[in-house]
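Look for chain A in each of the two complexes below; its partner is chain B in the first and chain C in the second.
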Partner chain A sequence: MSVADEHSTEVSVGGRPARTARAALAGIERPVAVRAGLVAVLFLVVLIGLPGLVSTFWLQIATNVAIYSIVTLSLAVLVGRVGMVSLGQIALLAVGGWVALRLGFGTGLPFPLLLLATGLITGAIGVLIGLPALRLSGLYLALITLMAAAAITVVLQVTNFPNGGSGLLGYSGARAGTVSSALHRPDLLASTSAFFRTVVIVAALMFALAAVHVRSRAGRAWAAIRQSQPSAIAAGVNVTLYKMWAFALASFMTGVAGGLLATSTGGLSTYAFPAQDSITVLAVVLMGGVYSFWGPVVAAVLLKLLPEILKNWGLPPDLLTILFGLGVLQVMLTAPAGLAVQVPKDLANLARLVRRRVAPG
Partner chain B sequence: MPDLRPFLVLGLALGGVFALSGVGIVVLYRATGVLNLAYGAVGALGALIAWSLINDLLLPDWVAYLVAVLFGGVVTLLYGMLFGAPLAQRDPLIKAVGTLGFTLILLGTMSWAWSYQAHSLILPTTELGFDVGEVRVNGTQILGLGLGLAVTGVAAAFLRYTKLGVAMRSLANHREITATLGVPVRRVEAAAWFGSGLLSGATGLLLSTLVGLDIVGLTFLVIASLSAALIGRLESLVVTMAAGLAIGVVQAFLTPFDTVGPYRTMTPFLFAIVALLWFGFGQPRLSRA
Partner chain C sequence: MIEVSALTVRFGGVTPLDGMTVTFPAGTCGLIGPNGAGKTTFFNVLSGFVAPAAGAVRAFGEDLLAMAHYRRARWGLRRTFQTEQAIEALSVFDNVALVHEHSAARGRSTRRRDVLGALEFVGLEVPPREPVATLGGKERRLVEVARAVVGAPRVVLLDEPAAGLPDEETQHLARVIKRIPEELGALVILVDHDMSLVSACCEVTAVLDFGKLIASGPTADVLRNEHVIRAYLGTEERL
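On to the complex of A and B.
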């Protein structure tokens, strides 16, 4: 059993199936088209408009939000679609960053190929970690990913991120501090706004990749596994293959995010990936909601934009950690589908209440 | 070959504390089905409160230590009362994720109120000490190992021979049937939360002396205790204790070796990963039904 399991009935009652049925009855698919149009417009506004509207500082924050939305997306797919909880996503992000830097310093791969290779290698590493763990379920899978994350953090602090040194590890103490540990960007992406646009496009591709998966055979297999593993096996679903696939996909996406992070301003430091961040990421993903693709976006905003806003207001960002903790408990107790579903529902309820008050009779 | 004897002392002391907290985790899991991942954070907050009582309010040390241990019990009990019951019927994973939320609340509180600046807390037992051969052993190290062994023994006897202990064990088997038998489920669970919380308070004090009072470090030392608990299959107190000691000693023994020394803090994680995989393959249904 998993987080997703328990609420699947709740979600399918209040969520998509009912709406699809209604749309089918009406004989129109307009809500879907409207929604797709809305997403496209929003995407274009962010892509084209945002760099002109905000300062370089906030644009870098927005870039970070976009990068982390890929990480939260990968975790949301694991938790929401397959019902597997990983507590090692941030460690995997660090692995992605390491791989990207190692490849970047070691080879002359063009940027898109570098990102792809980073994703594939991180995906392979994720599968290597995940493969033996797939026999475990629920709590024990979560624990083993937490242990693996903690172990990776220790290794990284000893080996450091590659900075162009020699050898397999590619780190040289002599070069530390003298060269930037950031990956060199192609000239085309040198400006903050160009890099932001690239990141947004890559993030959009990742969301599309996830959406394609969810709607395809893999998504149906995952749904079956999430509902009940024995029935999935009985229905002829290759449980091990599809679980591994989900792990590989999530690790691939996290690896790509790591590659983007390694390229972003300032580069990587070993202290940027503490084990508790994997817990924070799980917290915001659960708060954002794991059953809708808006959830990961909300989660990334909570994770990367909100702390900056608080700092801007002179409030300690530690308050957010407390808030995230309370948020997790609230999600567990009352709102399993997260903010992305809960807030519109609450607003609709509020609107109905107001309408009832205003309307006579 | 370096002289390993000083490291044996360090390892046994640290292992004793891992055993102590591992037992706290197992007792709570057996009674309530909750794997308390906030265990380390509770201990860390208790130690910080003790630090403030001693350094800011200038209270006598023993009062501060007592408050720290009691704080562990009370705050854990509070969580158990507020969130334990509503989540009681849920999957073990959900219950554990709930305690992760609790961990974040505690972590946020600590870094907000005490910030990440360095604090240090040295138990007075550290000044007592004696020599075994050429190796100096201090009182806190003895206390760590002694408390680990004693708590394991007492907890095992408690679960076996007392009425409350038997009630806890039967709760672990089946909550509803136990309730039908007339066992006051909520009160028994409360006792488990409180007892386990007291142990986490004591763990926090000992670890802040033995390892250092570092918020994040202490919070995540729970993972080491968790490894011990997992090797004990979240059931056997004696195996948990032995595993705790083994992890502590192995970790300490790696210290003087240059090639593996820097990686020594990975020891508990590797122990846990091997244990999880071993049990996972040997016995597919590891989780409580």
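On to the complex of A and C.
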């Protein structure tokens, strides 16, 4: 997995220093290699080392962070690459969970195929929702997706998550007390650490999928659409098609995340996916940063790890609603590229400052 | 050759194009007129952003208006915008590659050669991997022109490409524009307020005023035309 991040290489536009061609190229390409190495090392440490370092409780939290990083990734792609704001990702996550449970109880699909099928079906549902919405943009698209999310939530309250019952809905009230809406894990993934590793690998695959898209024909078309639709059309980009593609990709990824969530400990309950959570997801995604692939990782940490840390300290996790509000304000005003870009920049500045202090002159 | 017949565009009570009939034969053709004359509206009709109330446009024998707007680029219609539209999030190479991969010449095997060829054609001397966000105004203009000439263009619409450029850069741009029909065989329609650029590039020029065609023909004759001078200066006086 590599981190594609054109925006961190931005140089101040106003006072652009005269640089030779080679220096400019080297300046762009060397950090890419360094970053790719850094990502690989970090990935391996998390994958291999983390299960041995933390307790089962924190490992479950880490699993949750990895699952939600796929959700935040999908929204970051929509917002950062295409310029579309969706407030329906949490509802799609629930749809993914429902589809995975239905397939899990109804078919004997092996786990990887089940995840893939879940992603594809959720992708198709996402496109169906998006189809009428794609004619709109900005605030109206956000509003429509929020409405759709609310509608899905209402439907879910009625249908419930499948728990092995009969019929199309697969829910049996009689089993509700005894069988939880959780997917049976393959024996290979039974342990917490094995499941964690699986989730991390699936998440990495999703990030790779997004990275490949961003660097390919689709990513270029999205960049054109985000900047100006008329200029994208003039360049021959079928704007509706590529927007739909982005929506389908984001829904696919969120669906896969839903499938993972349905497999994690405890199973799914309908009250765990309120429509307003999508707004919180948007807030943390904006804070983390939408132009870099580190952003969604930071966002998932804010979303799923931070509340647990607060609880651990005896503080109410509701505090986060206020913190996220202030955080979005702060990020939008001072660091529109998000924490994932701003913090390393600030650290580099700090290091330079310290170095100057240590070795004066 | 582009044949425009009785082209009319209405926005409510306003008629930015009023029965425009003109033929752009070949080479580089100028399209001039005071502000609000309908020049950009005409480009927007060709691009498919504006649906005309009446009239037809035939380009090299084909009905341009019948094509879906995004398909016109594949057919070979290219344009630049009054406010330059190079895509900031992409590198110089990707900016041009974006147009190439939606053009008739698309294909992985030809992409690199064609894109670098287009950058060389416009004389852009920055590394292809440089992000557009770090470029200056002149270089962005050239990126936009490179986007307009890559991948078998047939008609290139340039909307005030020299706006905001110093004289020296305008002269460079004029040389590039003149080479588009000569070396790529595309028909260029140039909209600009810089008469020296229009004179330098265009053999023939059409003049719009309040959505009506008031003159067309060899550029030198058109620029001496009384109606044209009156339209520009708003008086009977000669230049």
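Basically, the second predicted complex is superposed on the first by the 322 of 361 C-alpha atoms of A that agree within 3 Å, B and C clash if a C-alpha of one lies under 4 Å from a C-alpha of the other, contacts with A are read in each partner's own complex, and residues count from 1 in each chain.
Convention: a contact is a pair of C-beta atoms (placed from the backbone, for glycine too) under 8 Å apart; a residue touches a chain by one contact, two chains touch by 3 or more.
Source: prediction; values computed, not measured.
Of the two partner chains, chain B is the only one touched by A:Leu286; chain C is not.
In the superposition on chain A, A:Ala223 makes contact with chain C only, while chain B stays out of contact range. With both structures placed on the common chain, the touch criterion links A:Ala234 to chain C but leaves chain B unconnected. Put chain B and chain C next to each other and count what each touches on chain A; the higher total goes to B.
Judged by the touch definition given at the top, the superposed model places A:Leu347 against neither chain B nor chain C. Of the two partner chains, chain B is the only one that A:Asp318 touches; chain C does not reach it. The contact surfaces that chain B and chain C form on chain A in the two complexes overlap at residues 6. Against chain A, in their complex, chain B makes its touches with residues 35, 83, 86-87, 90-94, 96-98, 100-109, 111-112, 216, 219-220, 223, 226-227, 230, 262-263, 265-266, 269-270, 272-273, 276-277, 280-281, 284, 286-287. Residues 1-3, 5-6, 85, 132-133, 135-140, 142-144, 146-148, 150-151, 154-155, 158, 274-276, 279-280, 282-283, 286, 316, 318-329, 332-333 of chain A are the ones touching chain B in the complex.
Residue ranges of chain C in contact with chain A, taken from their complex: 47-49, 69-74, 78-79, 81, 85, 87-91, 94, 97-99, 101-103, 126-127, 129-131, 133-134, 136, 147. Interface residues of chain A, counted against chain C in their complex, comprise 6-7, 9-11, 13, 16, 21, 24-25, 28-29, 217, 220-221, 223-224, 226-228, 230-231, 233-239, 291.
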